[in-house]
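Residue numbering begins at 1 within each chain, and the chains themselves are lettered A, B, C and D in the order written.
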Amino acid sequence: MKIQEADAKSLLAAAGLPVPPWSVARAPAEARAAAERFLGDGAGRVVIKAQVLVGGRGKAGGVKLAGSPREAEEVAGRILGMDIKGITVRKVLVGPAAVIVKEFYLGAILDRASRRIVLMASAEGGVEIEEVAKATPEAIHRVEAHPLLGLLDYQARELAFAIGLGGPHLRDFVRIARGLVATMKANDADLVEVNPLAIIRESGPEGHVERLACLDAKVTLDDSALPRHPDLEKLRDLDEEDPADAEARHYDISFIHLDGSIGCMVNGAGLAMTTMDLVKRAGGEPANFLDIGGGAKADRVAAAMRLILADPKVRAILVNIFGGITRGDEVARGLIEARSRQEREVPMVVRIVGTNAEEAGRLLEEASFETAATLDEAATKAVAAARAAGGAA
Amino acid sequence: MKIQEADAKSLLAAAGLPVPPWSVARAPAEARAAAERFLGDGAGRVVIKAQVLVGGRGKAGGVKLAGSPREAEEVAGRILGMDIKGITVRKVLVGPAAVIVKEFYLGAILDRASRRIVLMASAEGGVEIEEVAKATPEAIHRVEAHPLLGLLDYQARELAFAIGLGGPHLRDFVRIARGLVATMKANDADLVEVNPLAIIRESGPEGHVERLACLDAKVTLDDSALPRHPDLEKLRDLDEEDPADAEARHYDISFIHLDGSIGCMVNGAGLAMTTMDLVKRAGGEPANFLDIGGGAKADRVAAAMRLILADPKVRAILVNIFGGITRGDEVARGLIEARSRQEREVPMVVRIVGTNAEEAGRLLEEASFETAATLDEAATKAVAAARAAGGAA
Amino acid sequence: MSILIGRDTRLVVHGMTGREGEFHSRQMLDFGTRIVAGMTPGKGGLYALDNRVPVFDTIAEAARETGANTSCIFVPAAGAPDSILEAVGAGIPTIFCITEGIPALDMLPVVEVVRAAGARLIGPNCPGATSPGRAKVGIIPGSIHREGSVGVVSRSGTLTYEAVQAMTDAGIGQSTCVGIGGDPIIGTTFLDVLRLFAADPETEAIVLIGEIGGSAEEEAAAWAAEHLRGVPMAAFIAGRTAPEGKRMGHAGAIISGGRGTAAEKVAALEAAGIRVASSPTEIPALLRAAGYRG
Amino acid sequence: MSILIGRDTRLVVHGMTGREGEFHSRQMLDFGTRIVAGMTPGKGGLYALDNRVPVFDTIAEAARETGANTSCIFVPAAGAPDSILEAVGAGIPTIFCITEGIPALDMLPVVEVVRAAGARLIGPNCPGATSPGRAKVGIIPGSIHREGSVGVVSRSGTLTYEAVQAMTDAGIGQSTCVGIGGDPIIGTTFLDVLRLFAADPETEAIVLIGEIGGSAEEEAAAWAAEHLRGVPMAAFIAGRTAPEGKRMGHAGAIISGGRGTAAEKVAALEAAGIRVASSPTEIPALLRAAGYRG
């Protein structure tokens, strides 16, 4: 699960990391009030940043500076409501604009290949790490946290020296690096990224001081661990969520809405992706990824059907079940019941094999469903049905 | 550092373990008030336990039951002021007397040989584990916590089954066992013992319930770790401490008061014990163990001298320094200065070898100290001096 | 022979007395798997599966009393890491973890302890393994198989069944089918299984069924290019149409930062000389085209 | 030859630019030890000890640049465990930790990681080791030694000096003197050092200096009884007069629950045929009585 920058910053701050203050505004007036406060506290300017869960908001014009409360209000007004990669901006983060001396990248990721938490750092801060990885992979330094002891101080120091961060900032860097890994563990995150981690200049009573600060933060959480973090579940941004997603979660259905016209209902993630791929190969476009999981009963089948039909673009439905734990006859009964209740008439092609497939076939035949023996055949039939209904490709 | 039962129970309770309520009373009237409360809350009787840092208080009459507030006051009056193994009882713990169904032993220790935290359990609860170890060692079951991951649930379950604790108490036992190890780690303890861990019977709204509870607790803390636990340092029981101990700690001197008449000042723990042993072999009795540590300067030497002389039984002093990090001349200067200020005239034998021993010898000779070339000689001379002063043996 | 499991498999099932554990234990018994013990803390001393299998309180006891050498874990996600560690602690060399939904960070120390102990973990969130005619451990339906000499390795569950069924329908039997699981942190990778197949005299061809996310297929392809020349192989990669940044059901199936796409994986496999089917039904034909004559 | 250290020792000193680190580094250099590097984070690039020794920011860099194969740690207790792990991570095979006051629980994971990596840690809270005529690592005064063939192993600091001085005064030289440290959790035990001495062709006799607390002397005695018959040995145990339940300076020197007494240890050693001196000055005579002719 992705969370917004402001929430990511809260998690870092909770781990004791140096995050400059910020405020979240849902309306221009709120942004103005926040700007007033930060400017009053001594900030020269404030930064106003769109809070959206997609990258590239800077390039899209979603990050701007303002020198006065009035300007902040105006800028926030322009950013709020903006469309960034299909997402409508509904809130902005307002904070003091830091005087940046130098920017770095620091990120902790769960690395599959090494099966470790890997801490990555680069002196090329402020740009997307994927771009650095492509252009100058040697500029990215990485250490693998000890699999049982976590990140050790000396590992963090090695990373600091590798990116040229010694001297007065060494100790703070070690603290921040450990904090990233601690944040990861405390929240079951699979990514905790600070970009930029910056040396910022502040004026204090004794002149300028330079210190490290986490100016932006990105955290993604492990969905499997959310049940044990009810507080983090609350950070789910419903503003950016398809309403169908909540129902899918409720029924333990994996559901991802797509742009096509052929609704898919499958048991198993790999088979669900394969079903989508075969729809595409047959000349159609899948309307969704949908995995009803193992051992689905009638109620889950009915919920899956509702999710699919809630999309007005759906012109045909492909049901593909390879029974193992899942019993074909249970699915068939669920389909029959769901169809009897559904408001919209959409052609459906059903393929059920494996456990109790014979009984399923009998039930479907009695109820006059269109069936298919193989997945390839089912895909072809579904695409044809959608075309006939005026939908596919 | 040993801490009192009541403090040990606080640490266990802080880790979420089931510890019945208790109160500490320093006067009979306080015990009466506490008893009134517990009896009012439904306890049939209260238990009153001397709080002393030595074992065997039960046998010494330091643990008694009382059935009424008046009786509690009277019992507390008898226990307070009692002498248990040389310690005067200054406080008692008052708590509800549990109805015990069965007692167990459960302890977490830092095991040197395996270099692991070892969890030990026995179905022979309520008696000293050392006695069980001697009489029926096979009754003690142990598991080594994983050195990096800590105690794992399955290890705790293995221990539970080994002592016949399955069924309804299994889950609680696992929680308690993990809690012991967690308490150990959180507080840098080298021993966390619950004896007895008991199945107690309580009457609730739906009849009797049986549950596990930690009825007594013993915790000893790692002295090396106390600097990072200022809150635990406060648990040091000054009631039972020799006033000299605080001064020794202040100067980083290891000091243990003993019964003899020959004060010892040595650098290094092993050599300090050896010096005591040689005093004994020469027919004397050491008055103390005293290690001035490495690199001691004049102020620490002077403090050590004060500690030794504070004991009126001291009739002679043996100073034994093998200079390494410690410089012999520094010690000699400290001795000369200390003697010039000391109020009581006590014969002293000084042996200084190693780093800067020649300069030390010259200084001591000028100041007319009695010196010795070897440790054996120094011990013999010190014993003779103490005898002459009417003290040794 | 076969890999991971076989006629000498002596299985202990963790959580045998639970609903899933019991159901699949029966299926495994019916397939001919030798289940020597069940384990459910607190149920030690009972007998399960119509009194055929003794249940123990601990795996250590089960291993001691029955000589179990393989374990299969059906306990819920919260307890599964502990179950794996218990099996390792009891000296079980081969451990299958069927449980899904284990937080990834919980698995990091577990895979490390497994590795340090020299044991092998398959999964978690995997369907297990089947060696037709010998044994099955896990939840793969027994009926789809046919005895033979093609090794199948897959990150998926039902997709594997689809592919295996297609092979069986085409008269191509399997030596061992292994589902390694769809989680980001797993005990045994494609590459590990390829090594085992390479060393197995009865495996004459290999089918690899991958999906988007991570780079395990690429690593396997690179190894195969070097060590499996001459072994007929075919592959399938699910998720050609999956969008970036979305987790496709499996915790491990996600394209992020432009990496882990089906296109990359297909390219890596083809570069290694392995043809990639565009539908599971094409796998038998690709195997034959690659020279498989079984 | 010698054990642990010798002419091929290439030493890196952690915390060389600190007060203690610098003082003892000079002493080691004077003794003839080859110090190839110092390590102080943030001082990389400087030269220490009158510009004779380069300082690095990390041990990994020091090892890479100088071929250091031994490390000696003088950093404060709070950072010492990390220093040991850094040395292990950099592949240093022999690590001496002089630092005292490290909490015992901090050492548990450290000794495990050292063990798993196949490295050797001596200490913490130890005076180090000296091989007269070859090298010294740590803080044992160089002046007390004489080259020879008696191996000395001890849990103590100044007590060791006392014993070694007595040997030197009696004309008995040492192959290597090792202080294993007085903490409850240490990297190298008496037994470990006995094994090394047993395998060292230049060590012809062994002196063991123990003290109250724990059972390491008993374990060493049991091993010696079996494997060191014929090797002249003598021992000394400090703490015959120590009271129970009091920590005698060293964190590890405590009699608890009636165990770890000097009497037990003396009995175990004598049962193994090792005579125990009642004063360090008796050690030379006991060695000769045990058959040592060096």
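Of note:
Simple rule for what comes next: a residue touches a chain if its C-beta (ideal position, glycine included) is under 8 Å from a C-beta of that chain, and two chains touch if they have at least 3 such contacts.
Note that the structure is a prediction, hence the values are computed from the model and not measured.
Without chain B, contacts among the remaining chains keep them together as one piece. Of the two chain pairs examined here, A-C and B-C, it is A-C that is joined by more C-beta pairs in contact. Between chain A and chain C the centroid-to-centroid distance comes to 28 Å (mean Cα coordinates, whole Å). Centres computed as Cα averages put chain B at a distance of 55 Å from chain C. In this assembly, the C-alpha centroid of chain C lies 50 Å from the C-alpha centroid of chain D. For chain A, the set of residues touching two or more other chains reads 148-149. Residue positions of chain C with contacts to 2 or more other chains are 109, 113. If the chains shown are joined wherever they touch, the resulting network has some other arrangement, not a path, ring, star or complete graph. You'll find the chains touch as A-B, A-C, A-D, B-C, B-D.
Residue ranges on chain A touching chain C, taken from their complex, read 110, 112-113, 115-117, 129-130, 133, 147-148, 184-185, 188, 190, 222-225, 228, 254, 256, 258, 266-274, 276-281, 286, 289, 291, 294, 322-325, 353-355, 374-376.
On the chain A side of its complex with chain B, the touching residues are 148-149.
Interface of chain D with chain A (complex): residues 41-42, 44, 57-61, 79, 82-83, 85-86, 89, 109, 113.
The touching residues of chain A, counted against chain D in their complex, run 146, 148-149, 152-155, 157-158, 161, 166-167, 170. Of all residues in chain D, only 20, 77-78, 101-109, 111-113, 127, 139-141, 143-144, 154-162, 165, 182-185, 209, 211-212, 214-216, 219, 236, 238-243, 246-253, 257-259, 262, 278-281 touch chain B in the complex they form.
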